[in-house]
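Okay, so subunit A shows up in both of these, paired with subunit B first and subunit C after.
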Partner chain A sequence: MSVSAKTAVILCTCSGFINERIDWEKVQALLAGHPAKPLFKIDSLACGVDNLEQLVPWLRSEKPQRVVVAACSPREHEGTFRKLLADAGINPYFLQMVNVREQISWVTAAPQAATAKAARLLAGALSRVQRHQPLEARSVPVRTEVAVIGAGPAGMQAALTLAKAGRKVTLIEREPFIGGLPVRFEELFPNMECGPCLLEPVMGELLHGPESGQVQLLTLAEVTGVKGGFGNWSLTVRQRARYIDAELCIGCMICAEVCPQRRPNGWNASGEMAAVDVPFAGALPNLPHIDADVCLRLNGSEECAACQAECPVEGSLRFDQEEREYGIDAGAIIVASGAVELQEIPAPFAGLADVHTAYSFERLLAMNGPSGGELLGENGSAPKSLAIVQCAGSLDPDGISYCSGTCCRTALKYAHLVLGKAPGIAVSRLFREQSAPGVDAGRQFHHGQEGGVRYRSFAELAVENGPGGRTISVAGGASVAAEMIVLCRPIVPGDGTAALARLLELDRDQGGFIAQSHPLSGSCASPLKGVYLAGACRGPGDIREAFATGTAAAGLALSELVEGRDLIVDPQVASVEPSLCAGCKSCLQLCPYKAISWDGAEKRAAVADLLCRGCGTCVAACPAGAITGRGFSRDMLRAELEGVLS
Partner chain B sequence: MSCQTTAQAAELPKVNESGAGEKNPKVVAFLCNWCSYAGADKAGASQLPVPQELSVIRVMCSGRLEPTLILEAIQKGADGVMVLACHPGDCHYKEGNLRAFCRAELLERMLPQLGVDPRRFSFDYVSAAEAEKFSRITTEFVERVRSLG
Partner chain C sequence: MTAQKPKLAMYWAASCGGCEIALANIHEAILEVDAHFDFMFCPCLLDTKKKDIEALPDGAIFLTLFNGALRTEENLEMARLLRRKSQLLVAFGSCAATGGIPSLANQHGIEHVLETAFLNAPGLDNPERLIPGESCTVPDGELSLPPFLQRVLALHDAVAADYSMPGCPPEPEQILAVVRHVASGAPLPPTGSLLGCSARAVCDECPREKRNRLAPRLLRPFEAVPADDWCLLEQGFACLGTSTRGGCQALCPATAMPCTGCYGPLDRDSDPGATALSTLAAALDPGSAPGQDEGSLHAGLRAALAGVPDPLGTFYRYTLAETVLADRATEVEP
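This part shows the complex of A and B:
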C-alpha cells in the first residue's frame, strides 16, 4: 500500500473536553511533515448528528483515501465513524481512531505533555491507516431450520417456541418416547405438581398441535455426523428401527399383552416389560417398540407371530423395518441432551435390599411405575421407616465436587409424599449441606426439617442391622431407622454427552457438561457459533430452568437466524495465505471457536470466516506467518509501532 | 507475573541511578480491547494519572501478540513494553490471555539471551473495572524503565 494515500484527520475537541489539554494547532504543526500529508479538520463534536452530516460532504469533496479520527474511545464511536466513511463513499475499514479523550486529555495533567502524546499517537495512526485494506462485510444466506437434540422439557420447549415462530424444527430423541426425565415423575417440587399433567399438554402440542406440522420428530434417533457451520449445518441422524408402523399403529398395546418374551424395564429401574411394549403407561408417542435382541422373531429363535396375530390393525408390526439414516440441514443446533443421576450404588449400601437411587424411588412412587405407585419393599409390604441420604457422592473434593442443586428439593418432596403412601412411616434425611433455593421452595424447606441429620463425609455412614431393624448411623452421632433407603446420587452428564460433544467439537466443563459460551452472560450458547444450549446438558438443573433455557436457546436461534436476512460476516477475521501455510497444524489446536479446519488434500489450514471471531491467537502463533488478521495484521501493528516510536 | 529468577536478575546490569529521570522513556503498552483497554478508558473517565510516555496500541486480544512483535518494538526504540490482558477466566475469547501468558513467560526467559533486561517487559492483567490498577502499574512501569536508563 502506498504511503502517500491522501489522509483526512478529524481532530475532535469534544465541546472543549479535549482541547482543554491538547493544542490541536500545535499537533498540526508537529505532524505537518508526516509523509501521509494529513489534511486536518478540527471539529467541535464529531459524533454529533449535525456535525456528521457536515462531515459527509467535506469528505466527499476532499476524497481522502484514508481517515483518522482523533476523538474518544473507539469502543464508543468506532461504529459511528465507520458509518460516516461508508456514507461518504469510503471503505469503512479505511478508518483508524485515536483515543485522545479517555487516554490522553483526561489522564495527562500538563497540556504540553498531552499535546506531544497526541501528536505521537496520531503519527502511529497515520502510519497504521496506510496499511489498512479495503474490507467488505460478506453476506451469506442462512438456513433458518433448527435441529434440536433431546426431547426433554428443554428441547420440547425450544422446538415449540421455534415452531410457533414458523420455523421448521427437527427434534432428535434417543429414547423411544419424549418428555425426558420428569415425564416419569409423579409429582414435581416445589409445589407437588403432577409431572405428566404438566408435560402432557406440551407433548400433545408438539405431536398434534397447530404447529406440529413444523416439527419433524425422530425418536430412537442419534446424531452420528456433523458438518458445516453456523447458518448451514448438515447433520447425519441414525434412527434405530421401532419395528412398528407409526402411521398404522393405534397404540392399543394388545401386542404387549400377548408377547411371550420379557426384558428388564430399565426405564423403571426395576420390573420387566414385554419384548414389544411401552416402558410405562402414557409414554408418547403412543407406540410400542420392539427390542430386537429379545423378540423371538427378530432374534431368529423362532417364527413367533403372537403379536401379529392379535394386532387389530394389519401391517402395524413391521419386522422388516430397518435402521434409517437422515440428512438434516439446519442453520442452528440446540443441544438439550440433559443429565442423569448416577445410578451406581456405592459402599456401604451396595448389594443391600431396598436401597434406591432418587430415580428408582421416583419410579416406585409413580402411578405408572413398577408397583403402580404403592410404596412397597422387596418383601411386598410398606416400609416402616425411610432414610434419605442426600449428597450421596456429591460435595466430595476428591470425586464429584459440586452440589447438584436439586436433590434437597427432591428429598423434601419424597419425605412429604411417603407420608401419604405409608401413614406413620418414620422419615429421616441425612445430608452434608442443604440448599433449597427459590421462593416456592422456602415453604418446602421449612416444612421438612424434622428428622434431619447432618453428616460430614460419606465415609462416616454405616449400615447396621440390629434387633430393632436396619439403621444408618453417623460415626460419633445419630442413628436413624432405615428399612428403606434412598440415595440422592450426583447429577452427571447423560451417557451420550461426551460423544455428542466430540461430534460437535464442543468443549466440556470440569463436571463433563457442555461448556457454555459464558457462565453468566452466555449460559444458553456454546462457544461455537450457531450451537445453543438448553436444559441440564449445561449442568444440573430443575424443570423450571429447563423450560426457561429452552425458551432462551430458541430465542437466540430466532434472533441470529432470520428468514430473508443474510448473515453479515465481519470481515475483520483471520485468513490463511495457502501458499505460505507449511501445514504444521499449530493453529488448529489453538482456535477457541474451531474456526480453523484442515484441508487434508492440499495439506493446509483454512479459516471459516463465519466461525472466526477475530481474536488473532492463530495469527500470533503461525510460525510461517501465513495467517493474516484482516483489520489487525502484522503490517498494521508494525506500522503503528513505528509511528508511535518515531 | 514474572518468571525471572533472582539468579538471572543478578547478572543483569544494575539500575542506572545516574541516568534516572534524565530522559523520557518510550514505553509501548499493548492492551486487549475488552478488559485492559476498557480499564484504561475507565482510568480516563476517573481522571487518574497515566504517564505521558505510554503509547497504547489496541489489539482485540492479548493472544494476538507474537513475541517477535514485542522484540520488534524494542528493536525499533521502545525502552519498555507492556502486555496487558484480561484476568484468567475473563478472556472475551475464552483463553487468548492464557496464550499470551505462556508467550510472556517464554519471552521473559529469552530476553536476557538477547541482551535485553527483562525488566523492560511486563505482562499483567487489568480488568475493565481496574482503572486504579492501570494507572498504578503503568506509572510504576514507566518509572522502572526510566530508572534502567
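This part shows the complex of A and C:
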C-alpha cells in the first residue's frame, strides 16, 4: 500500500481557540519526517466561507491526492470539507478529519502535551488517509407513495397531510369504518367538543375532499406481508369481504332494518346490531357490512333475501364478494395502529351490574350509542351516584406498571358530562395518583377535584351493598356511593400490534407498544428507516397527540422522500466480499436495519447499500473478516493506530 | 541419485507427534514424497542428527516442515538452525503457526507450569516432590536439560517463516496437495501465504443447515444430543466453525463434534479469541433488553455463557501465542 500520495494538511486555529493550546508550528516540525511528506497550511477558520473560497484555488494549484483537516468534530464539519474537496476536484472521501478542538484543545490543558497529542493524532490520520478509497455516492429513485396503517385520527391526519402535499397514500384500516376511537366519543376533553363533529371534516376531506383522489382507503384490511426497505417497500394487504358494493350502495341502511338476524354490537360494548348493519350512526364510509357467520344467506342456513328485496339500488348487496389481496408499493410506511383500553373487568367488580370500562361508558354517553346518549343503568333509570375508579389496574408493579396518562382527563370529563345528563348525581373519583397537566385542562378542575379519594392498591377496594345503596370503600378509609361504577382501565397496545411489529421487524417497548427511534427526539420514527410512527401505537395518548404525531410522521415521510430528489446512498456502508463469506449467517440476525440479505443459491450474505446505515455492527461481528465498512476498513484502522503509536 | 532430489526435512519442537502421524496418513502416497524429495531429516522417523544438519551448507534443505511451538531454548536453537539451512520454512500445524495447545501455558508462569506438571496433576506419584532442573549431577557426570523460554512462541515469533500450514494436525489430503504442488515446480504463492486451507470459514464446508435461530444459551457437549443436519452453533454448542478457517472439510461438525478452531482465525488482523467470542455472542438470543435492570441482564448473560466453562481454553485453544493478551501478565496465579 502506497504511503507516498501527496497529502495536504489544513491546520485550523478555530479563530484562536485551537492554537491557544496547540503549537501548529511545532506540530509541523514534529511531522516533517512523516513518509507522507505532508504539505501544511495553517488557516484561521477553515470552515469560514471566505476561507473555503481561498482553500479551493490552493488545493487546485497544489493538487494533493489526499487531504487531512485538523479542526473540529467531523460531526460538525466533515460535510463542509468533503464539499471543499469536491469543489477542488478531489474525491470527497480522500478526506480525513482530526478533531483537535474537542479532543485536544478543550480537554488537554498543558500546551506541550496538547501539541504532542496533536502530532500523534495527525500522524495517525496521515497514515490512514493513504489507504482511503475513492468512493462515489450513488443515487436511486425513490417511491414517494406512503402506506398508512390505521385510520384513526393519527393515521387520517398523516394521510391527509401527505395527500395535500400531492402524495399518493394507501390508508389501511382493519375496522369497517374510519375514525378510530374518538369518533365513538361523544365529547372530548377539555373543551367538550363533539368527537364525531371534530373528526367529520377530516373524514369528509379524506373521502370526498379535493385530495381524496390521492388516497386509496382500504377498510376491513390488514397488512399480511412486508418486503423491501426505505424508498421501496412492498406490502401485501388482505381485505376481508364487506359483501356490499361500495360504488352502488347509498348507505340508507334499509337492509339493517329488515335483516332478521342479530349479533352483539362489540363497538358499542353492549346491545345488538343486524347481520348487515353499521355499528353506530354516522360511521364512515357510510356503508353497512355483513357478518358472514351471522347472515343466514352467507352462513348457509337459508336462502334469505330480506335485505336484497328491500334494497333500493339493485346490486348493492354482493354475496359473491370474496377476500381480496392487494400489493401496495410505497416509499415509506406510517404505523398508526392505535391502542385500546383493557376491557376485562377485574375483581371485586367482575360480574356486578352497572360496572363500565371507560370505553363502554363513553359509548353509553354517546348519542349514537346503545342508549341514545341517556345515562341509564341496567334497571332503566338514571343512577343517583357514579364512582369513577381511576388507575384501575395501572401503576401496579405486578401488572401494568405505567400510568396511561389519559384517564384523569377522561374522569374529569365524565364528571362534567354526567352532571349535565343527571343533575344532582353524586360523582366521586377514586385514584392512586392524579395529574391532568396543561393550561386548558385546568378548566375542568372544578368538578369534584376536592372530593377525590386516594387509594393505595386495587386490593384495598371493596364493593358493599348497604341500606343506602351500593358503595365502594377503601380499606381503613373513605366510602363512596357507587350505584354506577366506571373503571378507567389501562391503555394497552391493540391486539394487532404484536403481529404488525413482527411483520415490520420493529421492536416493542416494555409496555408492548412499538418502540421509537428515540423516546425524546425521535418519537415519531421507528429505528427502521422509512417506517414512521403516529398516535397511540407509540404509547398511550389522546387525540391531540394523535393529530400532532400524525402531522409529524407525515412531515418525516415528506422530508425524507422528496419527489424528484433521488435517494443519495452514502457510500460509507458495509460490503461483503463474497470470496471470503462462508455463509455462516452471523450477520443476518444482527443488522438493526435489515440491510443484509441472503443469497440462498450461492449461500452468501449481501448488504443492500440502500438500507445500510454504516453502523459497523456486522463489520465487527463477521468472524471471517469478510465484511468491510467502506471508509472504515480494517487496514485503515490499523494504519491509523500504527500512525498514532509510531 | 539421492543428491539430485531436493531435500525435505520435518522437525518437531514442542509438539505431540500428531503432525508426523498426519504425514504418515497420506499412506502409499508417501512413496510420491520419496520419489520427489530426499526426505533426509525427521527425528520421529529417521536417525539424522543435529550435527548432520549443522554440517550442511546454508540453504541446503529445500523444504522444512516445522511443527510444534517453541517452548525451550532447544526448540529455539533448532528453529534458527533450520531457518538457516532451509530455502523454504513452513510453520506446519497449529503449534508452529499460532502457538497451539502448548501456548496455553502462557496463561501462567513457568513455576506454575512445572508445579502443575510434576506436583499437582491428578494421578502423580512424586513423594520426593522432585522437579526436573536444568542440570543434574549423576555418578556419570553432569546432565543438562534445555531451559524453558519465558513464553511459548509461534515459529514466526522467533524466525521468519515463509508459509504457514494450519491444522491440528493439517489434513493428510492438504499435506499431499501441498507436497505435490511444490514437487510439480509450479509457482509458489507469495511469501506469508497460508497453505493447505480455504479462504472461507469451516461453515462453507459444513453440511449442517442454518435455520436462522438464536440459541437461548450455550450448551456443554454432555447437556444435549445435537440434532442431525442442524447447525451446532444454532443449537447452542460452542462451535467455532464460523470464525475458523476451513480446509478440513468440516470433519468435526459433520460428525457432531463442535469445531475447536484448529485451522486458526480467518481475519489475521484481529485478535483470534475475541473474534471467536464475539461470534458466539452473536449466536445467542439476548432476550428483550428493555425493562431489564443491569443486574438481571448480567445474570442472563452469565447464564447464557455458562456453557463455556473455560473461555481462554475455548477461544484461544490454538492461538494464545498470537493474542494481544499474551504479554499482559507474566505470572498469574489462581
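The working rule: the second predicted complex is superposed on the first by the 604 of 646 C-alpha atoms of A that agree within 3 Å, B and C clash if a C-alpha of one lies under 4 Å from a C-alpha of the other, contacts with A are read in each partner's own complex, and residues count from 1 in each chain.
Heads up, the rule we're going with is that contacts are C-beta pairs under 8 Å (C-beta built on N, C-alpha and C of every residue); 3 or more make two chains touch, one makes a residue touch a chain.
In this text, all values refer to a predicted model and were calculated from it rather than measured experimentally.
Of the two partner chains, subunit B is the only one that A:121 touches; subunit C does not reach it. In the superposition on chain A, A:638 makes contact with both subunit B and subunit C. In the superposition on chain A, contact of A:580 is made with subunit C only, not with subunit B. Look at A:459: by the touch rule set out above, it reaches neither subunit B nor subunit C. In the superposed model, A:498 makes contact with neither subunit B nor subunit C. By the document's definition of touching, neither partner reaches A:347: not subunit B, not subunit C. Looking at the shared chain after the overlay, A:248 reaches neither subunit B nor subunit C. Within the superposed three-chain model, A:99 lies in touch with subunit B and out of touch with subunit C [touch as defined at top]. Once the two complexes are laid over each other on the shared chain, residue contacts for A:107 go to subunit B alone; subunit C is not touched.
Touching of subunit A by both subunit B and subunit C, each in its own complex, is seen for residues 590, 620-621, 634, 638. Within the complex formed with subunit B, the subunit A residues making contact are 73-75, 99, 101-103, 106-110, 113-114, 116-117, 120-121, 124, 527, 590, 592, 613-617, 619-621, 629, 632, 634, 637-638, 640-642, 644-645. Those residues of subunit B whose C-beta lies close enough to touch subunit A in the complex are 26, 28, 33, 37-38, 40-41, 43-45, 47-50, 52, 55-61, 63-66, 69, 72-73, 76-78, 92-96, 99, 103, 135. Interface residues of subunit A, counted against subunit C in their complex, comprise 507, 509-510, 515, 579-586, 588-590, 603, 620-626, 634-635, 638. The touching residues of subunit C, when paired with subunit A in their complex, are 199-204, 210, 212, 214, 241-243, 246, 266-270, 275-276, 278-279, 282-283, 290-291.
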